[in-house]
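In the two complexes below, subunit A is the common chain; its partner is subunit B in one and subunit C in the other.
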Partner chain A sequence: MSDNSYDDVRLTPARRFVLAMMALLVGGLAAAVLSIEEEVIELRDLALGNLEASGVGNPVTAVLLNYRSYDTFLEVAVLLLALIGIWAVAKKARIPIKSPNTPVLITFERLFMPLMIVSGGYLLWLGADRTGGAFQAGAVLGALGVLWVAASLWTPNDRLRRLTRPALVVGMAAFLLVGGGMMLLGGDFFEYPREDAKTWILLIETAATISIGITLVMLFIGGIPPNADQNKGESGDHD
Partner chain B sequence: MIDLDTGTFYMLVGTVLFGIGFYGLIAYPHLLRKILAMNIMGIGVFMIFIAAAYGSGEGDPDPVPHALVITGIVVAVCATGLALSLAVQVQALTGSPKLDADKE
Partner chain C sequence: MILESEIWLALVVLLPLAGAILTFMAPRYAPQIGTVSGVIVFGAVVALTLAVVESDATRLTVGGWGAPLGIDLVADGLSTLMLLMTAVVGLAITAYAVGYFGESSAHKRAYFWPLWLFLWASMNALFLSGDVFNLYVTLELLSLAAVALTALVGQPAAVQAAMRYMLVGLAGSLMYLMGVAFLYAEIGVLDIMALASVSEATPPVFVSAALITAGLMMKTALFPLHFWLPPAHANAAAPVSALLSALVVKGSFYILLRLWLTVFAPLGDTFAPYVLSALGIGAIIWGSIQALRQPSIKLLVAYSTVAQLGYLFLLIPLLMDDGADRQAVLSGIVYFMIAHAMAKSAAFLSAGNILHALGNDRITSIIGMSRKMPLTITAFALAGISLVALPPSAGFIAKWLLLNEAIDGGQWLLVVVIIAGGLLAAGYVMRVVGPAFRQVADDQLAVANPVVPASMAWSALGLAILAIVLGFTGVYLLDVLDIGVVILTGGEA
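Let's look at the complex of A and B:
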């Protein structure tokens, strides 16, 4: 059996055993799920009851950016950590930044870029009161970036490349500045001023959206994007 | 007799997804398959959380599990990206997309 072959999916005795164990596990989990009492968690009423004070109308956004903003802050940090991990194991970008141009993709990209930016911004704004928010908006912008890389519109000598690293950290920076700034002013970490909590939440979310979008594109590329001068010598992939 | 409402149904589907993913993770050596299996396990957990937020379907859903799930999705995407990168590195260094211990 060669190493590169796909898995042999035949049901060997060992797999039968694993399958039986899994059936038992699922049975146990199902029993546990069925035994959950209704309304054991009272967080729902707390979260919904204090919506007025949170500055936003969408309870999920209130949890993410107000009640538990520390979690969301660390979540943005996890994105960055994953990217640092990828950059540590794969120094060179795996998806070549320069790929064959295709007119269909480029035209599609040019038509959809403004639409995707507008819908990303709309999702971000909408997150305050309805379904939406920084992660959804960041995902739309990330998809735009992936299309952009695929269509070779993002050339390494672009001014955009120099903005990549600042854009990656702007989300965490905004979180730290707002959260830490409140501490310096005598409040708690992430205690927003009551009257304009929404402004601060939107500010942090905007910065986070930019970071999330760029990080997703960088995850897709799978390595450090090459410099303009690095790129000249090595157009082929000699990994 | 079990009173099977919508929330409970989706919770049970979540446990089955978790089991399918766990089986894939253990039973097959290819790293890409393991990464996909891990994602299916995660989706099962998300489904249970969302179903828990739905509860009996009366009143507004609980926003706290929703926030946990969106955090979980982001972390899952990060972990998948990092895992794929490591898997590609394993393939590049050893010439095989499987770990030594798993080779047949």
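Let's look at the complex of A and C:
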């Protein structure tokens, strides 16, 4: 292929063939979608019927944190694993912003930080009964963290950095301890006690919110922030 | 209430995840924490196996809900054997990695362990999952961990191979997920047994089978979708190559096997199983020929994986044929997976030792090495015996089981392919073993770094010995496979 192959948009025979195959695939999938019958088994009634026992009023939260909490646990693990994978390859982060501390950004940040923390917490609380929950709240906190980094308020000597790793794992650890703990105490794996299911769900969601928020910030930075790696000085070596 | 045997289903997933968190929190002590975790996880899998052998297949209802509302974890004979295979290879790789990463940079040492424990946990979760969406989540965990481990060595070739691996893996996962969406839309549940009880050969189920099978074929690297495998497996660090080739590709194949035995059983009399079988033939021939042409040991072993994976698909038509002894066909396929896991991990770990000693793994540089590295070359030779399927190795028993069923089923083309594949394997194994055992004068042996850490030499040899010994203990393993594995009859039934 030539260097400018990306600019070349002519319809060569090979491309016509690929186009035809893709059209065939899309057509086939569309035909299959149209031929779907009524569901044989109705899961919706079962999910709504057990809402009371699940401890929360929002069916989405009931599915994510109770009926299928094991899926969500593994999803939280995926987030942590993705970050560890990036740190394994990317090594030292180049914190993207070297801009001077612009007064506008800093003032904006100072005004909005409390608001964003409150709205994050509110979203987390709301998740029990309406749309909201750990992922939404974590996204708001993550955005706050990104602004914080962008405004250079987060400097390499910041003491908060020592909390980076604990904050990254706390969501998955809480999930693991609650899920496994319930089992070792005689319940089922991930079975919350019926009367305080909501308390346990909120506890896990709070921990997950912290981890999701900090993971998003770390993904934005794109590598190991200085000092977050406890292998001080050794971390960047090659052999 | 939870029974004691059920606790182990949860623990074999939770324990490696706990180990992964701890190794990430305390990177300086990662090798120690990782080793202890590896031993504990191995012990938990053995405990689970004993529980299943003693008290039959076990189902754990997560959250106390039970399928179809909740997720069930299931340990039957098939999942238990897969867990055990992973645990045995995993324990050897854990021992190997202590020596291997002991000499590398602190960065690699710190990051190998959490990634490896994440990978082990995701394999265990995958083999136990009884739910098609939960399987998707385990596939995502597995792919991410495998890609990150591939890239860990940091060389451009490895990072590029990891990138390609990730794109293929992602495409495969998305196709799988789309197939799951079709199943859910058509039937309305995600639990495998609930799906299987009402699944029929309707167009949406057929499209779902096509999407899921194609996606998992990409992840299993079935010819002609194998193109990503040789660079990824050959450029990764030796312990990573071993676990990618011996274990990770088996994860996606296991899902394929499980779903065709249950949810897709009504499609058993379509042309689909024959397509898989034909591609298996292509894999054996193409992979073997490529292995005969590779200049380096790791590439040769990687192409051997492409070829050996073909055998897993060869007898799928018989597995789906109500007239055949389907339990026996399944035994052959599962035995092949286990034999290949032992032999292939031993081969990659030996190749890693050779690379460590010589500084390169070109086939031309290993002439006469059997005198300098007797343990390593013996390990490679024993692994080779099992790959070629000479008696009394595990590979021999596996191929003998497959051959028997092919003959009983009157599939003469498959009989020819199985025998020809063995001859081709003998050809590429001898390309390494022949020169290694050649007698040469001492001054012609150029060894840069002949002292391989003991844990590296012995773990490779241990796996190679297992690849032979499992040839004698086949009956016990196949008895375990009979525990509670559901094989649904397809077609008009």
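What to note about this one:
Following the convention adopted for this analysis, the second predicted complex is superposed on the first by the 202 of 239 C-alpha atoms of A that agree within 3 Å, B and C clash if a C-alpha of one lies under 4 Å from a C-alpha of the other, contacts with A are read in each partner's own complex, and residues count from 1 in each chain.
Throughout what follows, a residue touches a chain if its C-beta (ideal position, glycine included) is under 8 Å from a C-beta of that chain, and two chains touch if they have at least 3 such contacts.
Fair warning: this is a prediction, and the values are worked out from it, not measured in the lab.
Legend: residue contacts after superposition of the two complexes on their common chain; A:V60 is shown touching subunit B, with no touch to subunit C.
Residue contacts after overlaying the shared chain place A:I36 against subunit B and subunit C alike. Contacts of A:L111 after superposition: neither subunit B nor subunit C is touched.
In the superposition on chain A, A:G187 makes contact with subunit C only, not with subunit B. By the document's definition of touching, both partners, subunit B and subunit C, reach A:A47.
In the superposition on chain A, A:A173 makes contact with subunit C only, not with subunit B.
When the two complexes are overlaid on their common chain A, residue A:E75 makes contact with subunit B and with subunit C alike. In the superposed pair of complexes, A:L163 makes contact with neither subunit B nor subunit C.
In the superposition on chain A, contact of A:A20 is made with neither subunit B nor subunit C.
On subunit A, the surface touched by subunit B in one complex and the surface touched by subunit C in the other have residues 29, 33, 36, 39, 41, 43, 47, 68, 71, 75, 78, 81-82, 85-86, 89, 239 in common. Residues 1, 3-4, 6-9, 14-15, 18-19, 22-23, 25-26, 29-30, 33-34, 36, 38-39, 41, 43-44, 47-48, 59-60, 62-64, 68, 71-72, 75, 78-79, 81-83, 85-86, 89-90, 94, 133, 135, 212, 216, 219, 222-223, 239 of subunit A touch subunit B in their complex.
Taken in their complex, subunit A has these residues touching subunit C: 28-29, 31-33, 35-37, 39-43, 46-47, 50, 66-71, 74-75, 77-78, 80-82, 84-89, 91, 165-166, 168-169, 172-173, 176, 179-180, 183-184, 186-192, 229-231, 234-239. Contact residues of subunit C toward subunit A in the complex are 1-2, 6-7, 9-11, 14, 17-18, 20-21, 24-28, 60-65, 68-71, 73, 103-108, 110-111, 114-115, 118, 121, 125, 133-134, 137-138, 140-141, 144-145, 147-148, 151-152, 154, 159, 162, 182, 185-189, 194, 198, 202-204, 206-207. Interface residues of subunit B, counted against subunit A in their complex, comprise 2, 8, 11-12, 14-16, 18-20, 22-23, 26-30, 33, 48, 52, 55-56, 60, 62-64, 66-67, 70-71, 73-75, 77-79, 81-82, 84-86, 88-89, 92, 95-98, 103-104.
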